[in-house]
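The next block holds one structure in the form of structure tokens; read it before the comments.
Chain naming follows the written order as A, B, C and D, and within any one chain the residues start at number 1.
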Amino acid sequence: MKEHANIIVAPRIKPESTIGFIYKTVLSLKGGLMSTLKYFFKSVFVSTITMEYPENKHRIKIADRFRAKLVLISKNLSSPHKCTGCKVCEKTCPNKSIYIMSHKGISQKIELKNFIWRLDACTFCNACVIACPFDALTFKNNFEQAVYDRRLLIYNLNRYIGPPQSYFKKNTAKENSVVLLKPYEKISLQEILGKC
Amino acid sequence: MTIQLKTLNEILHNLDEKKHWGTKEYFINMGPQHPSSHGVLRFVLKLEGEIIKEIIPILGYIHRGIEKIGESVSYRNFVHLTDRCDYFSSIINNWAVSRTIEQALNMETNDRIETIRTIFAEIQRIQSHTMWWGVFGMDLGAFTPFFYGFRDREFLTSIVEETCGSRLTMNYIQPGGVLYDIKSNFIKRIKQYIKYLRPRIEEYERLISDNVIVQKRTENIGILTKEKALSFGSTGPVLRASGVPLDLRKNDSYGVYDKVKFSVVIGTKGDSWDRYWIRIEEMRQSLNIIEQLVDNIPAGKHMVTKYTTKIKLPVGYYQSSIETARGILGIFVASNGMENPYRIHMRSPNYNNLWSITDMAVGLKISDLVTIVSTLDLIIPDVDR
Amino acid sequence: MIISILKDAIYLKYGDFVLEKSEISLVKEVIIKQSKFLEFMQLVKDDKDLKFDILLDHTAVDYINENVFHLVYHLYSSIYNHQVIILVEVPRDKPVISTLCSIWRIAEWQEREVFDLFGILYNNHPDLRRIFLEDDWVGFPLRKNYKDNFMLEK
Amino acid sequence: MINYSVDNFANLVDNSNNSTVIEVAFYILSIFITCLIFISLFVMVVVYIERKVAAAFQCRVGPNRVGWKGILQSVADLLKLLTKEKITPLYSDKFLHFISPMLCISASFMTLLIVPFSPHIQIINIDMGILYWSAISSLGILGILLAGWSSYNKWSLISAVRAASQLISYELSIILSILTMIIFTNTLNIQKIVLSQLNGCWIWRGHVVTLIAFIIFFIASIAELNKIPFDLPEGESELGAGFHTEYSGMQFAFFFLAEYVNLFITSTIIVILFLGGWLPWHISGFSIFNELMDSIPPIMWLLLKVSMIIFIIMWIRWTLPRLRIDHLILLEWKFLLPTSLANMVLASFLVLNNLYFYV
């Protein structure tokens, strides 16, 4: 390999006499055969790399950043989510797989009603997660999303998650706990934005 | 002023009927669904016995009209569309579009972003070359290299998956930075991988390059001389095999390629053997690049401009090109100041590498055509866009 | 690759070919008269200090309100590693230009793609037919006024 | 002048114990049933082992879903092939399309007659065993040619013509290497050939000459079986499935079966001619070692040696790429043929002045 400055030139194959060719054939076949035989004898323990999926479900380790399912961030199913229905993610989505329905909430402000996310149209490009000004969205990595009916691929993200933040106010009785707002109860903006 | 519009049927009917003895010419469809057409590429071959007289590539089976979609999609969203073109170097495609936008708005990016981008471009190049090597072995008839190539690619994909969040269509490089910062164990795992892959490439050599059958089937097959290669507009390993040391990583030196020592690999005769050997050597060069970069990744933010800032390119034409695993990918943007591009065009390396086959493979046999197609390393969704 | 010096070199040497000096746009186009286009391309390829031996890219831009097509030729020289974008204006109702197949072989198929998507005709092109779409496809998709019954209007 | 009448037919067959025609018919029927059972069992086992060995070479696991560790995988394949619908292409030559798998399978079944499992277990011990095998096995080529020609598909036509040129040209060097061995054994009867290797198999006794004959025979038989380095008729990456593209269901199973039966028969012929058939492996000095070796029945010895040859064929199959058509023909006519001819001359020189071991 002639290497001057930073150019490597590919070597040509040397022309061989017939005996030289036979010798080279034997040598090359031996090299190739030995390298596969090595895998044959190591095959039982070391070199089989097939992951037998259903059997190794408990042992599988998926990267936590793997984007498989869009979710609204919340500590548990009943704790509040941070989405305020501002539709930024709907605009940035390249192929319109997010649709936000918002309505006037209890505290007379625009609230999220339904967060419709179509898994079948989504290309997992992560634009919505970064674009969200309130960091309300994230991708979880449970990749088993196969269903038997296309209609099941249309998710409503906030159906199980609790009401939006603005439905709560600081509970004066107990330290750092929250209590549900009563309908038509007036509340100041700072108190809403102050929470989580 | 002679303009005659032709259709495929007119071409197919001018068979050579004069020959009454000997094998007659006949047409055969190495059709869109063929084991060695790497996608939906269709050749209509005019054969005489087993000798190819003429090749007519027919495209369009996976034409999604990405350039038409590009006109109604914002700049940031077009980046993730390019993943779907050449899906073996999707990060490098994202980098091409992001670089065009950054040059147009002269957004600056810090050193950390540039080094991460270069590392991932080289990782993507190794992934695409190991995948290519496996498929090359299978095209020549040996089924085992396919699994060895995929196994090495799989270890790298799991490393990339941890940082970029997805395995094939990463959408990782955005205008103004990268999606996530690199994972904490990324550097350790990449060093492990480099130690793992180096002996593997020696094994690749032993299994395929030293093999006499392969040498006999690739030497002096599909010769593309220097002038022909230039006039056929082929770039990347196909052009370098004919002896032209054109590598944008050296000439254009974007990213941190100027701070890294690596060599451009060129061939002498431009036949299938040179194209094969160049890609094996390029894998080693990419490993060297990653090794030099991975130790000292400078600190800094991984995303300079906020993602939600609107991108509006001023009126005019912008063009930038980048070296993918298969050649030069050029992004040409004509913008009229609106939010989405007025016209965006991708100069796809595979589209221009494909056409030299019509001149190379005439007079050879079917198995030579299969070897040439797999040394050209074509990705058909990138040809049809 | 310093583009601006290259543009002045072209203006100096081939002044009469150049249609108008494009000072407005930022980077690197040179707009050429349609009449002397083929001759200019041949000169530029063989010129000893320009030596554009690769036709990297050829595409078109449809300016519907100015009723004109801009044909874009992106030339690259593998020896001096510099590149330039050549623009040619072609009227929208009669989009005809001479082919570059004799100079660069790749032009044959790049021009077929532009014909297929824009409908620009190339005279004495050896094999002018559609490349991506079927032969009996009606209309040219990348034109701005292209209507199709399965297009989703935003 | 032999007048061919019914009772003469009886003594055409080896009628030493003057059995009637019904007994002979019953005898033939029972042979056919045992052959069928043995072959179907053997093919299922070899198919399963081939897929496991291929998986071991390629760092994967191979069939492990059907039955324990995938044992019943080949049974499942057979049932699938049995129940699949038989499609004949519209414009194909119906009769030839139907008959060609029969030709292939019958050619390979007929060669089963001469397989010497052990000194007593052999269907017919005719005097010209080896000649019979080479004659019948060339019938298989006819089946492949007809299959490719009659299924009205350009790709299978190309593969049929390739198969014809490959098999016929490699038939030459097979027969020439058999001839060199016949010079040593000077008998065509299979049992006598095996017995002639009582105190040492031919590879050891005929030193250089039989080693060259063994290598030529091995290469030519791989070409005869269409295995990987000579895989041109059904080159997956070039011709799709080659001559058996238009066959489905039971007809495809026939081609599949014929391929594996040929594999078994060719490796038995190699074992008989070169590695001493069912004779145990003896080392002249050690009597205890020899008794130990005698304890294994002769049929096990034959199957052991045959499986060793089959493993080597599989090993070559999963490592080497495919030859091009002109290299294939060039290898045979320019290389294998001259060496086997020269080898024959050398063999006759060796035999004339008794230069080989244990004369």
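Following the convention adopted for this analysis, contacts are C-beta pairs under 8 Å (C-beta built on N, C-alpha and C of every residue); 3 or more make two chains touch, one makes a residue touch a chain.
Note that the structure is a prediction, hence the values are computed from the model and not measured.
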Which neighbours do chain B and chain D have in common?
-> A
Taking every chain's C-alpha mean, which one sits closest to the mean of all protein C-alpha atoms?
-> B
How many angstrom lie between the CA centroids of chain A and chain B, rounded to a whole number?
-> 26
Rounded to the nearest whole Å, what is the centre-to-centre distance of chain C and chain D, using the mean of the C-alpha atoms as each centre?
-> 65
Once you find the CA centre of chain B and the CA centre of chain C, what distance in Å lies between them?
-> 24
Per the C-alpha means, the centres of chain A and chain C lie apart by a whole-Å value of 42
List, in ascending order, every residue of chain C touching at least 2 other chains.
-> none
Which residues belonging to chain D are in contact with no fewer than two other chains?
-> 57-60, 318-320
Each of the following residues of chain B touches two or more other chains, namely 144, 151, 207-208, 211
What pattern do the touching chains form: line, ring, star, complete or other?
-> other
What chain pairs are in touch here?
-> A-B, A-D, B-C, B-D
Enumerate the contact residues on chain B facing chain D in the complex.
-> 26, 28, 34-36, 50, 137-144, 146-148, 151, 207-208, 211, 213-214, 216-217, 365-368, 370
Provide the residue numbers of chain A that touch chain D in the complex, in ascending order.
-> 29, 32-33, 36-37, 39-40, 43-44, 47-50, 52
In the complex, chain B touches chain C at residues 1-9, 11, 59-60, 63, 65, 67-68, 72, 104, 228, 230-233, 235, 239, 244, 246, 251-252, 314-319, 321, 328, 330, 332, 334, 342-343, 345, 347, 351-352, 355, 359, 384
Flag every residue of chain A that touches chain B in the complex, lowest number first.
-> 1, 3, 5-13, 21, 24-25, 27-29, 31-32, 35-36, 49, 63, 65-67, 88, 92, 94, 123-127, 130-131, 133, 139
Would you tell me which residues of chain D are touching chain A in their complex?
-> 53, 55-61, 64, 315-316, 318-320
